[in-house]
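Before anything else, here's the structure in question.
By letter and in written order, the chains are A, B and C; residue numbering begins at 1 in each of them.
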Amino acid sequence: MDTFIVGLIAATLRVATPLIFGTLGELFCERAGILNLGIEGTMFFGAFTGFAVAASTGSLWLGLLAAILSGILAGLLMSLFAVKLGVNQHVSGLGITLLLTALSLYSFRLIFGESSVNPSIEGFQQLSIFSSSPILGPIFSQYLLTYIAIALIPLVGWVIYRTNFGLQIRAVGENPEATDAAGLNVIRLRTLALAIGGGLMALGGAFLSIAQLGSFTFGIISGRGWVCIALIIFANWQPIKVLWGSLLFGGVSALQLRLQGLGLDMPYEVFLTLPYIVTIIALTLGGRNAQAPAAMLKPYRRE
Amino acid sequence: MLKQFKIERVPAPRWSVIVIPIVAVLVTFLVSSILVILAGANPFAAFFNFIVTPLSSQVSALEVLVKATPLILTGIAVTFAFTAGYFNIGAEGQLYAGAVLATWVGFTFTSLPSIIIIPLMIAAGILGGVLWSLIPAILKIRLKVDEVVTTLLMNSVMLYIVSWLLNGPWRNPLSGWPQSPEISAAAHFATLFPKSRLHIGFLIAIAVVAIAYIVIKRTPLGLKMRAAGASLTGARFAGIDTTRTMLTAALVSGGIAGLAGAVEIGGIHFHLIDAISNGLGYTGIIVATLGSLNPIGAGVAAMFIGLISTGSQTVSRVLGVPVYLGDVVQNTLLLVTLAMFLLQNYRIKRVRWILLS
Amino acid sequence: MYAVEMLGITKRFGNVLANDNVHFCLEQGEIHALLGENGAGKTTLMRILYGLYKADAGEIFIDGKKVEITSPKQAIQAGIGMVTQHFTLVPTLTVAENIILGYHDKQTVSKTEIEAKVKAASEKYGIHVEPGALVRQLSVGERQRVEILKALYRNARILIMDEPTAVLVPQEVEVLFESLLRLVKSGLSVIFISHKLHEVMAVCDRITVLRDGHVTGTVSKAATTQQSLANMMVGRETFGVSRQSKRKTGKVIYTVKNLCACNSQGLPALNDCCFELHAGEILGVAGVSGNGQAELTQVLTGLVKPTKGSVKLDGTDLTNAEPHDITDAGVGRTPEDRHEGSIGTLTVAENLALEDLDKFIRHGMLDQSLIIENARKYIEEYQIKASPTDQLRKLSGGNMQKVILARALSRKPKVVIASQPTRGLDVGATEYVRNRLLAERDRGAGVLLVSEDLDEIIALSDRIAVIYEGCIKGIMPAAEATAEKLGMMMAGAC
């Protein structure tokens, strides 16, 4: 049973990693007042770009860098539509998700051909810390990116709550008129937030393709972006709570995988729907969800 | 003195309704040419294969309509909801809900003749969609919970339910694949032409376009929906029961999306698999947007997207360009159109600006 | 040397001359009131000073130096701060965070550091704020103090206060006045926009009165009285000269008793509002904007539910009725905001049919020809310049208002609630709308005319009620209304 729990903890952290990246990315966007439904596509695009660059250059780090850049690009695209043009955020976000997904699939076929065998690379290796310990060893046998993701949580919290930039982001998401009146550039702030957010989302995607799997599959994201949308509500837009939400979801997923592995006959899908159902209940109990940034979904135009 | 340009808001001229889509298509082709060239193919040849080739033979032209059928329905579903100001992003899940119930009817009541079981399946599909849209709709009108997030999350929940059904209770005992039992032969929708998959679902979709058009443009409900969607306070001021109107629109929208699921089961797949949709619900949002929330516009847009998705297979076969070009083109078209709808309200005006010394 | 000198300021909006060659001088260290009715041009003048509008003509001097102010940023740099009724604060941030927002020269924000800074400023200027408190937990008065401190923190030496007392309760007003008096002693110069006479007399050193975009005079407090200020502000000698002195009105048909309601922020806006409306009369509700007129019409038209009180039409209780029950009962309404009460993307004909849809249904369908025919009838009767199939938003304000009026009056209502019916209309349309209301009265309907245009109230009403802070302060026959009486009541002076 010990190995079961040890394995469960280790797997939980692995499953949680891309969710932490994605949710922190979405947190930047939503804190600045933009619901970025482009997240699903941005993660997919990041997974693809990271893999493609890593595979063609042979450098995983270059792949990671390329993934971040692709995410920033996706954020800027979202900014063009949702911030500059002020298009309805739902439709533009979904449009970007669909476009980036199609673009990734197209480019993947273009580069790697129609082969039925998925190309793979030697991905990042798990670090072995405490490798001699039977308990700590497996738990801390994680990818560097997992540590980075966890370290990012307090970092993002610090940026949001303790820096001038974070203050401005929070202000623009709550009251763009007041932010404008304070002499700050609303468009620029929101664009920056989307770019940073996009970079983080793409990193989450790249974790899957160039660390965990070492390959790019069409189902690589399969709704993880939407999970992040749910987690951010669950986390009440607070960085630190993102960790608990991601771990909870990661734990549930890991648990159902383990139980399946044990050959237990149970509807594991029920577990997987939990975060969504919990989020819907949270939204309902939260009433008019007073915690959400007040200016979210509202394009800002100076009259 | 310095000349400057100023952008001002003006109402869109009437001709823009026609011109905008055409310009949008041209811009989209221009943008996606880059991808075609990257694939080492000639963009003109590619777009010829996209647009013209599918229409040059009866079989492939009918295939365009096959592809368009579910898109017409999801497009109308989204149009209906958006018209009333209810942002239903959940057509995908509602479609699956409809497909689930329709499939269950199809393989359970195997002794029924076509004339009974097909209408029954259709009713089950509609019911499934309505039921699945009920929770977000009630949360929206009673507790003001944002429907965008709830309908989106309900999609994922539905996918897991389908996955559970296919891997659990409905797993095909013969093949062992994650697919439901076949619906009875009597439940297969009749086809309209020999050697084509085009089935009566297409006629249903066309009928839905006509009915939706009449409801939205010609009935009291439609007028109330348009009023509520354009201005909630204005509609309330005029004495319209806006919550009831919105609820009706949300449920009808879900019902039409569920119908799309039933039609895909009865007309194309004959059993439930988890890939019956692959985004038809989301593409419905593209269709509705391209059709500028007009049911007939949505019908045309759905056929255009059906054309692109049939054409992308031709392009892929003939020129060796990956088949996903079609998806790229249709999504680029969405974004370009969105931008143009917005830009049509602006006119760049040259103004004179006197510099004060 | 003046702190601010505005010379020959002229500003035109379309056909409206908002400021006409206005001269305004603010002395160092004084509180100077800008007094005038709504639309007199007070706010326009101050928005020009703060860089929000650009004057068509005129010059501005700050401390004797000529300046060009084209944005709030430049105004702030020139030492000007402005506090409006519409606060520009972020509710979820703390007081200190709001104050330093956009005025902080470090990359990091240390809570203790900024709170200490704000605390120091708070003590220096004698404006008490709690630096660590969240703005959303503050009362309106406290928020106003944050806004003032925010301006002073940015080194404002000239403070514009746009109707600062409009949002405050009396106790808060006193605190504000004490702070202002203390601040001017230490060198601040204050421009105090108001239309409340007693406040102006209580706190200001000098008063500049504006009427219809002109300055009617600048006087020192010692040399004037509330009565003479009221005359300068309203500028009318006698009222109702041409009106028939005694019209016969019918019985009471509409009774509003002890009505209470809250505004959209959840704050009380109507306080025990009571009045009776007779058949065949126009009851004008006069008042300075923001004294509960909007909430009164929202409650009476069914958009907002009252928290207390009752509304009865001919014995039918309409207190909590929905809008369609109210119209069915025989109340015709024009909304305060034309654009909010109509639907711009629908056609003229559809808008005209919307309120009484059942009339246009045949076999479950809308009878288009009936709808169009109905529209044609009203287009002709009301001389609306539009075709039935035009989108409403493409119409001019006057034509749009005629559509709304036609819809409101189409069912021959027993009571007409007309809220700001001529706001923003040109002369011709205004006259048309007024004549229509008179015709309704002559038909025997009771008309409630809520308007901020005193001329309109005086010209049309049989009786005039004055609303002040959500309460009807008094009702008098139009013949008894005098400039002093109305002006003082509207300003809450008696």
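Everything that follows uses one rule, which is that a residue touches a chain if its C-beta (ideal position, glycine included) is under 8 Å from a C-beta of that chain, and two chains touch if they have at least 3 such contacts.
It should be emphasised that the depicted structure is a prediction, and the values quoted were computed from it without experimental measurement.
Participant: Could you tell me which chain lies farthest from chain B when each chain's centre is the average position of its Cα atoms?
Facilitator: C
Participant: Identify the chain pair joined by the greatest number of C-beta pairs in contact.
Facilitator: Chains joined by the most C-beta contact pairs: A-B.
Participant: From the C-alpha centre of chain B to that of chain C, how far is it in Å?
Facilitator: From the centre of chain B to the centre of chain C is 46 Å.
Participant: How big is the gap, in whole Å, between where the Cα atoms of chain A centre and where those of chain B centre?
Facilitator: Centres of chain A and chain B (C-alpha means) sit 27 Å apart.
Participant: Would you pull the chain C residues touching chain A in the complex into a rising list?
Facilitator: Going through chain C, the ones touching chain A are 72-73, 76, 87-93, 97-98, 100-104, 106-111.
Participant: Show me the residue ranges of chain C that touch chain B in the complex, using the header's touch definition.
Facilitator: Counting only chain C, the residues touching chain B are 68, 301, 303, 322-324, 326-328, 333, 335, 339-346, 350-351, 353-355, 357-358, 360-361, 364-366, 368, 393-394, 407.
Participant: Report the residues of chain B in contact with chain A in the complex, numbered from low to high.
Facilitator: Residues of chain B touching chain A: 35, 38-39, 87, 89, 135, 139, 143-146, 148-150, 152-157, 159-161, 163-164, 167-168, 279, 282-283, 285-286, 289, 322-325, 327-328, 330-332, 334-335, 338-339, 342-343.
Participant: Which residues, counting only chain B, touch chain C once they are in their complex?
Facilitator: Those in contact with chain C are residues 11, 214, 218-220, 222-224, 226-227, 230-231, 233-241, 356.
Participant: Inside the complex, what are the residues of chain A that reach chain C?
Facilitator: For this pair, the touching residues of chain A are 162-168, 170-171, 174-175, 177-179, 181-184, 294.
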